Amino acid sequence: MTVEPNIIEVKNLKKAYGENVVLKDISFTVKKSEKVVLIGPSGGGKSTLLRCLNRLEDFSGQVIFENQDLSAASKEKLRALRQKMGMVFQQFNLFPHKTVLENITFAPIKLKISSLQAAQKKALDLLEQVGLKNKANAYPQSLSGGQQQRVAIARALAMDPEVMLFDEPTSALDPEMVGDVLQVMEKLATEGMTMIIVTHEMGFAQEVADKVIFMDQGQIADSGSPAYIFKETANPRTKEFISKVM
Amino acid sequence: MTVEPNIIEVKNLKKAYGENVVLKDISFTVKKSEKVVLIGPSGGGKSTLLRCLNRLEDFSGQVIFENQDLSAASKEKLRALRQKMGMVFQQFNLFPHKTVLENITFAPIKLKISSLQAAQKKALDLLEQVGLKNKANAYPQSLSGGQQQRVAIARALAMDPEVMLFDEPTSALDPEMVGDVLQVMEKLATEGMTMIIVTHEMGFAQEVADKVIFMDQGQIADSGSPAYIFKETANPRTKEFISKVM
Amino acid sequence: MFGFMKQYYPVFLEGTAQTIIISIIGILIGILLGLLFVMMRLSKLKVFEYLARVYIAIVRGTPSMIQVMLIYYTLSKVISVPQVQFLGSGLDRVIPGSIALGINSGAYTAEIFRSGIISISRGQTEAGLSLGLSEKTTMFSIVLPQAVRNILPALGNEFISLIKESSVLFYIGVQEVTAQALGVGGTLYNFVPPLIVAASIYFVLTFLLSQLMQFIEKKMGRKYIQSN
Amino acid sequence: MFGFMKQYYPVFLEGTAQTIIISIIGILIGILLGLLFVMMRLSKLKVFEYLARVYIAIVRGTPSMIQVMLIYYTLSKVISVPQVQFLGSGLDRVIPGSIALGINSGAYTAEIFRSGIISISRGQTEAGLSLGLSEKTTMFSIVLPQAVRNILPALGNEFISLIKESSVLFYIGVQEVTAQALGVGGTLYNFVPPLIVAASIYFVLTFLLSQLMQFIEKKMGRKYIQSN
Amino acid sequence: SSSSKDNSVKKIQDKKTITVGTSADYAPFEFPIVKNGQKKIVGYDMLIAEKIADNLGVKLKIENTEFPSLISELKNNKIDMILAGMVSTKQRRKVVAFSRSYYTVKNVLLVQKKDANTYNTIASLKGKQIGAQQTTTQESIAKQQIKGANVVTESVLTSLTTELSQGKLAGVVVENEIADNYLRQFPNKYAVAKVKLTTPKDQRSVNIAVRKSDKALLKRINKVLIKLQNNGKMAKMLKQAQVLQDKYGK
């Protein structure tokens, strides 16, 4: 791996809902093309962390993305930065009142990033990549979960993001759908996309991750290479968690 | 395995929702103490089959349970038969307005099967078995998914059932909760309970099942010993499915 | 502007008491009819379902003022209530009037109950039945207690609109708050100030009711919705 | 019993037309005000939120009859409408009257919109924002279209109750259907038959409206809810 | 009395109460007041009703409802008689029986003070809005005589006069006595227009209504009315009611 510059720097990130401190002083960096996998028990703060990276939540501390401080960004600036971060959710969150094609082209056209033609052409390319070109005119509800998630990935990719954030992209899927989605993600990884992935698919994590972060109770309890986290670590909490989910 | 009598016989079971034929001519038998695992793709009819076994759905064909025809049973008879079949659901379905203890004791007391004291004593025993004695007075919402599912198992066991039906008992759970529930189920299996289990946990299926039934599009597409289904079968649909989920 | 209140407040007090009483009777009858009709509506017997549908459709499709007058004229031929005076109105008006309110409210209450029952996932019914409980026990011990909790806000709204609608009883001579305000307006030859007083009284009544409902909601909820 | 209709049907026709017109105006104004107030209610500016809350609380807490009278007296000082006769009533009554209906309905419509917006999962907003869309675009292109579809049944109910409530305009001299029925009843010295006629007219009107709403619902739904 | 063929009087005396129906928003004929913290419905009509009750030796009970529903109430046996400033029109005479007249109506047009000299002729009211209480004789007078005006009918007289005071209506057709009271109460607000309204013969006399079958009761009532007229108490009672309204209508 060549030494790339940091694309994201998280410094002393803190987040509380009322009394409930959900993230306690999180710091880490992500380099260009790096694949970071977040694992940890439920309620540990993984989703909240991803949402903070996109500033869908307010927080204290800093998130620096391409040398810009997200927490200080104006509304317009923030919108521009968000475009460079694709986000894929556990529940897909496709727009049910738009066709697959419209889901993918809506933002690029609305934000005047592409013309209608260009956006549609690109969307069809992306659909081809995720194996769903024939579903361009279907509505999301008529697709299976796995298909919806692949559309959601295509939708995020249509904005040409620098980073992709995935929040348990396969855990709402029927088991036989999981493979298709992971395959699309693996392909993205090979193509050099910077990725931050929350997942419980440990096989996938071992294969793809450059760095694994174990989050527990709002803190980074442990982190390192897949080999370290899955085999070498001496941290008892990591070990317990790994033994339960493997 | 000793030769036990059939406890359940399903003969030519058919079920349609309007035009949509969901179960097409299903026949199989379950012997006392046998563990039958149902696997198959989503929408294949596994849940519907379980619900028919308990006659939560009307159907055509026969389900004979302990030599009684369920489809012909009167309302009272049916209630008596249902008491002998414990059912555990994917979504737990605990009664949210009752405590854990009340969840377990409600039916035995209401149906005058036990006195209040006897029911409570038994409930506490069962809670101990599933490792949740300390949660007797909690309300379901304050428990994790895995804990709720274990209570649901205890609730079903409180009726002293002859058979336990499980419908994907772990698929709504966070990964680190799955183990606890499977452990309770394994213990039940060792104790000789007759069990019919819909699950995607293939490791568990291989370990526990006496017979695996592969359901696809409303039919029994394949069935046999775990060794046969997971390794030997020549059925292309079974093979494809197994390769996807393993 | 409101100087008249010094003299006329007893009229408004009496009217308020009357409004409260007819509303309470109306609400109680509405709940009973609502329960009856939701059971009919969900019944497997088509006749019952059909009757319930017709009742609900008629009540919901016509103005309550007209309903109250028609019910009053009909009821007063059928049931005989002693003409005892009560808070300034004859019981022979107050009682058929509140029954009419209840008949009106029952249709809405039935639909609210139905939505509550539907909102309780089928899984709860199945869990009950699979334990060998009867359909009746499952409905009354498992589904309804949860349904009631879910529909408390909707029920609260229905009670609030009943309080406001109770003003239609002034058409049949029940001296509730609106009737009193209009009467006082007649004496003063100006009825804007008395109407403002009446509006304020309704506002206070409905506010108190909604506080009460919220309190009940919290109390019912506290038990089992604990954020973990 | 209904022999009088041979002579009086033109009165009822006129009243029905009047009821339809004031209801349509009321519904349109209600929708506009509802949109305005739901935006205020969900606004981050506390003043707006507060104003919207007060408006909603007052409208919901007081009887529409009193509201309509008070609004009418106030409006008629502020706006001047030519005293043109229209279906038996002056436009200077019909217009402030329908505005009053709309002001009343707006509070309910705002709450319905709010429930619709809340019902669209936060995930939809987040998906929109994470694509770099502005909050406004996300609200108007992603959330509202879905919300409107979800609230169609509730909106339909609100429109139906507006049609029925429109009878209160008879207090400010608008000759809608109830006013006409009461007038005919006064002439015949028997209210029951004309009231039954009026009730039937409301029933037909509300029935037609609910059919229309169901049609729209189906049409909006067909596109994207396909059972697979 | 032996001449009566029905038992209407006996029934009332058995009940020990006579129920009068009225619509108490029509001062000085009937209106609510609060006296010693108690609501009372008072007025000219109620004073007469009391005399009738006294004469029958029973208690008086007052039912207060909307004017348009009074005749239905009577027909449905909810009340025994109506005293509500009710004029004995031909239409009404078809359905109920009326006593002899105890008051003669003259109708006038109540207008704002500033318009005291504006509406001198029917023609001057062309295109104006004129109010009248629904289903009253005033409604038919307004509709028949003030040709070219738009007649607005509402169920409550006060809502019409409220509109008048706000300029929403050019005038309201009211009974003379009521107009006088308005003028006394608000001398700077109202006036009676100079326009002449004729009150047709069959719409002039105010009477007490009873069921057609209650002949004995009607006879008794007429006796009382004659007595009150002859001993001058009738006129006194009207004064008394006006004074009451002046006192309580502030």
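So that you can tell them apart, the chains are marked A, B, C, D and E in the order they are listed, and the count of residues begins at 1 in each.
Keep this in mind: contacts are C-beta pairs under 8 Å (C-beta built on N, C-alpha and C of every residue); 3 or more make two chains touch, one makes a residue touch a chain.
Model, not experiment: these values are computed from the prediction.
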item: Selected interface, B-C versus C-E, where C-beta contact pairs are more numerous; value: C-E
item: Inter-centroid spacing, chain B versus chain A (mean Cα positions, whole Å); value: 36
item: Inter-centroid spacing, chain C versus chain B (mean Cα positions, whole Å); value: 45
item: Chain C and chain D: spacing of chain centres that average the CA atoms, whole Å; value: 22
item: Residues of chain E whose C-beta touches two or more other chains; value: 69, 72, 156, 159, 162
item: In chain A, residues with contacts to at least two other chains; value: 144
item: Contacts with two or more other chains, residues of chain C listed in rising order; value: 73, 192
item: Pairwise chain contacts, counting only pairs that touch as defined; value: A-B, A-D, B-C, C-D, C-E, D-E
item: Residues of chain D that touch chain A when the two form their complex; value: 121, 123-124, 126-134, 137, 141-142, 145-146, 149, 223-226, 228
item: Residues of chain D touching chain E in the complex; value: 69, 73, 76-77, 83, 85, 89-90, 92-93, 170-173, 175, 179, 182-183, 185-187, 189-191
item: Interfacial residue positions of chain A with respect to chain B in the complex; value: 41-42, 144, 174-177, 179, 200, 241, 244-245
item: Residue ranges of chain E touching chain D (in the complex, touch as defined); value: 68-69, 71-72, 75, 91-92, 95-96, 127-129, 131, 134-135, 150, 152-156, 159, 162-163, 166, 168
item: Interface residues, chain C side, partner chain D - complex; value: 57-58, 60-67, 69-70, 73, 160, 164-165, 167, 178, 192, 195-196, 198-199, 202-203, 206-207
